[in-house]
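To start, the structure itself, in structure tokens.
Every chain is named by a letter (A, B, C and D) in the order it is written, and numbering of its residues begins at 1.
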Amino acid sequence: MSAGEGAPAFVVRPLRREDRPGWQPLWDGYNAFYGRAGETALPDAITESTWERFFDAAEPVHALVAEEGGRIVGLAHYLFHRSTTRLADVCYLQDLFTIPEMRGRGVGRRLIEAVGEAARERGCGRLYWQTQAGNEASRALYDRVARHHGFIVYSQEL
Amino acid sequence: MSAGEGAPAFVVRPLRREDRPGWQPLWDGYNAFYGRAGETALPDAITESTWERFFDAAEPVHALVAEEGGRIVGLAHYLFHRSTTRLADVCYLQDLFTIPEMRGRGVGRRLIEAVGEAARERGCGRLYWQTQAGNEASRALYDRVARHHGFIVYSQEL
Amino acid sequence: MSAGEGAPAFVVRPLRREDRPGWQPLWDGYNAFYGRAGETALPDAITESTWERFFDAAEPVHALVAEEGGRIVGLAHYLFHRSTTRLADVCYLQDLFTIPEMRGRGVGRRLIEAVGEAARERGCGRLYWQTQAGNEASRALYDRVARHHGFIVYSQEL
Amino acid sequence: MSAGEGAPAFVVRPLRREDRPGWQPLWDGYNAFYGRAGETALPDAITESTWERFFDAAEPVHALVAEEGGRIVGLAHYLFHRSTTRLADVCYLQDLFTIPEMRGRGVGRRLIEAVGEAARERGCGRLYWQTQAGNEASRALYDRVARHHGFIVYSQEL
């Protein structure tokens, strides 16, 4: 029997304050994967600030988690921002992570769908995210659910 | 004598309401270049809304123009938005355009620098933009002033 | 039989774009009552902008209406804003209006309650509004549903 | 010689992070004066959050201080928010405080003026604040610099 068969055992739902212990290791793992802030971990002050923004209704920063049997097994952090070519905000899915042992079970796909639903509900017409060109595992999924129009990202630290 | 010699004749400054007649053709040209909204032009309602946002202090959407001898010869539209891995907002340079006859004179470079200065002044630590991978003319400049970390953009219309 | 008996025939619900024809006369009537902008009516550009903000998910400006038999009979416009003494935003009920022939039927009270529910749902802990000290008709209701702590409003046109 | 004569020895300027030790006692004194949060002090978490918002360019919350000889002698906290009857935001001067020994020297007046200048610069056309009707000392100043149109404030805790 393949991992994908049957109804998924996990549920996708908004992050809650009491998820902190379960969410933290995924967030740390995600940041370790991308090696943010050079070799060092993301400063705690940023994690605290982002965490508070998830629960501040005045902030456009949101989080969903995938939970299985009381355990957080995936996360999606997204935010809304203006665009010069849209009336409504666009939705940026900034962070997407599934714990290794749950990969291939549709967690990432379901998280993307749920972000899309939340964005659509808010009147938003575009969902986007970034990935490293060489991240073939992720791109196998992304190529099925979204389109890549050949845009690459340049950045400057100021 | 190369076009780049001597002091640039153009100045870079914030967009003003009275620039509308000079700004409009550049905006139209830029959108035609990217073929936004399929084969059709950007709806007027979006241009009106974006224009008003440039002058609404509560909106994080801003515009700079390059002017030479009273003529608008370049534009840069940028906006600030949250990030889950930063305390301060990041700056997205969404639109950058120089009229064809002014290319190679440093207009784009100077516009990027001015956006970076505005962002830094606001406490922002990251400026980024997107470009099509095959846009070699632009990338020749971008590779000198910024870094490309291999990220590509996926998107969904909702 | 008193006006308050039986189930109210009106419903309170979020404003919709198709309510524009029914909403406009109430808005005009409300502004005439307060004599805003001196003797002149509120400029159309402001009404258009406020109307669009009601439907822009990035804006903290919202509208509810009371409808009876397909007719708009009351409106409540509210917005959220920061406070230096709160974590969450506070809610300002800026505009509240019931058409004269529906007064005394509980429309204003129900609109205030519905704004309070929307605010509470957003995590907001304080709802406030202003009224003229001499507006006895309105204050009879306000004194039943809220408290007046003796604060008065000073303002400057800049 | 009256206290008001000669050039004021104090300066009014934006709050800086290093002002924290000097700002804190004024903030505590101000909150004690208004007896916020019942008999208890304002929770530290709120002070921390408001403090951080002063330095977050994405937040519409700002602070000015009056300084004399290196000592913070007055504070003004203000914020911008939407209005249904304006295109531009309005400015709410939420907190204004001068240490007792500096009263009558024009600190409050100068702080109000400076907030007005900051608001005007941002395109804002209205500055307002609230005061208790019985606060005669403050109203003596307010009646000289602003107008009271008879509006009083009702509020509900949700």
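Just so it is clear, a contact is a pair of C-beta atoms (placed from the backbone, for glycine too) under 8 Å apart; a residue touches a chain by one contact, two chains touch by 3 or more.
Since the model is a prediction, treat every value here as computed from it, not as a measurement.
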TODO: Determine the centre-to-centre distance between chain C and chain D, using the mean Cα coordinates as centres, and give it in whole Å.
DONE: 27
Open item on the list: Distance between chain B and chain C based on Cα centroids, please, to the nearest Å.
Closed with: 40
- [ ] Scan chain B for residues touching two or more other chains and write them down.
- [x] 49, 60, 82, 87, 124
- [ ] With chains as vertices and touches as edges, which is it: line, ring, star, complete or other?
- [x] ring
TODO: Mind listing each pair of touching chains for me?
DONE: A-B, A-C, B-D, C-D
Open item on the list: Show me the residue ranges of chain B that touch chain A in the complex, using the header's touch definition.
Closed with: 31, 36, 42, 45-46, 49-50, 53, 59-61, 77, 79, 81-87, 91-92, 94-95, 116, 119-120, 124-134, 142, 145-158
Task: Sites on chain A touched by chain C in the complex - done: 55-58, 60, 80, 82, 87-89, 122-124
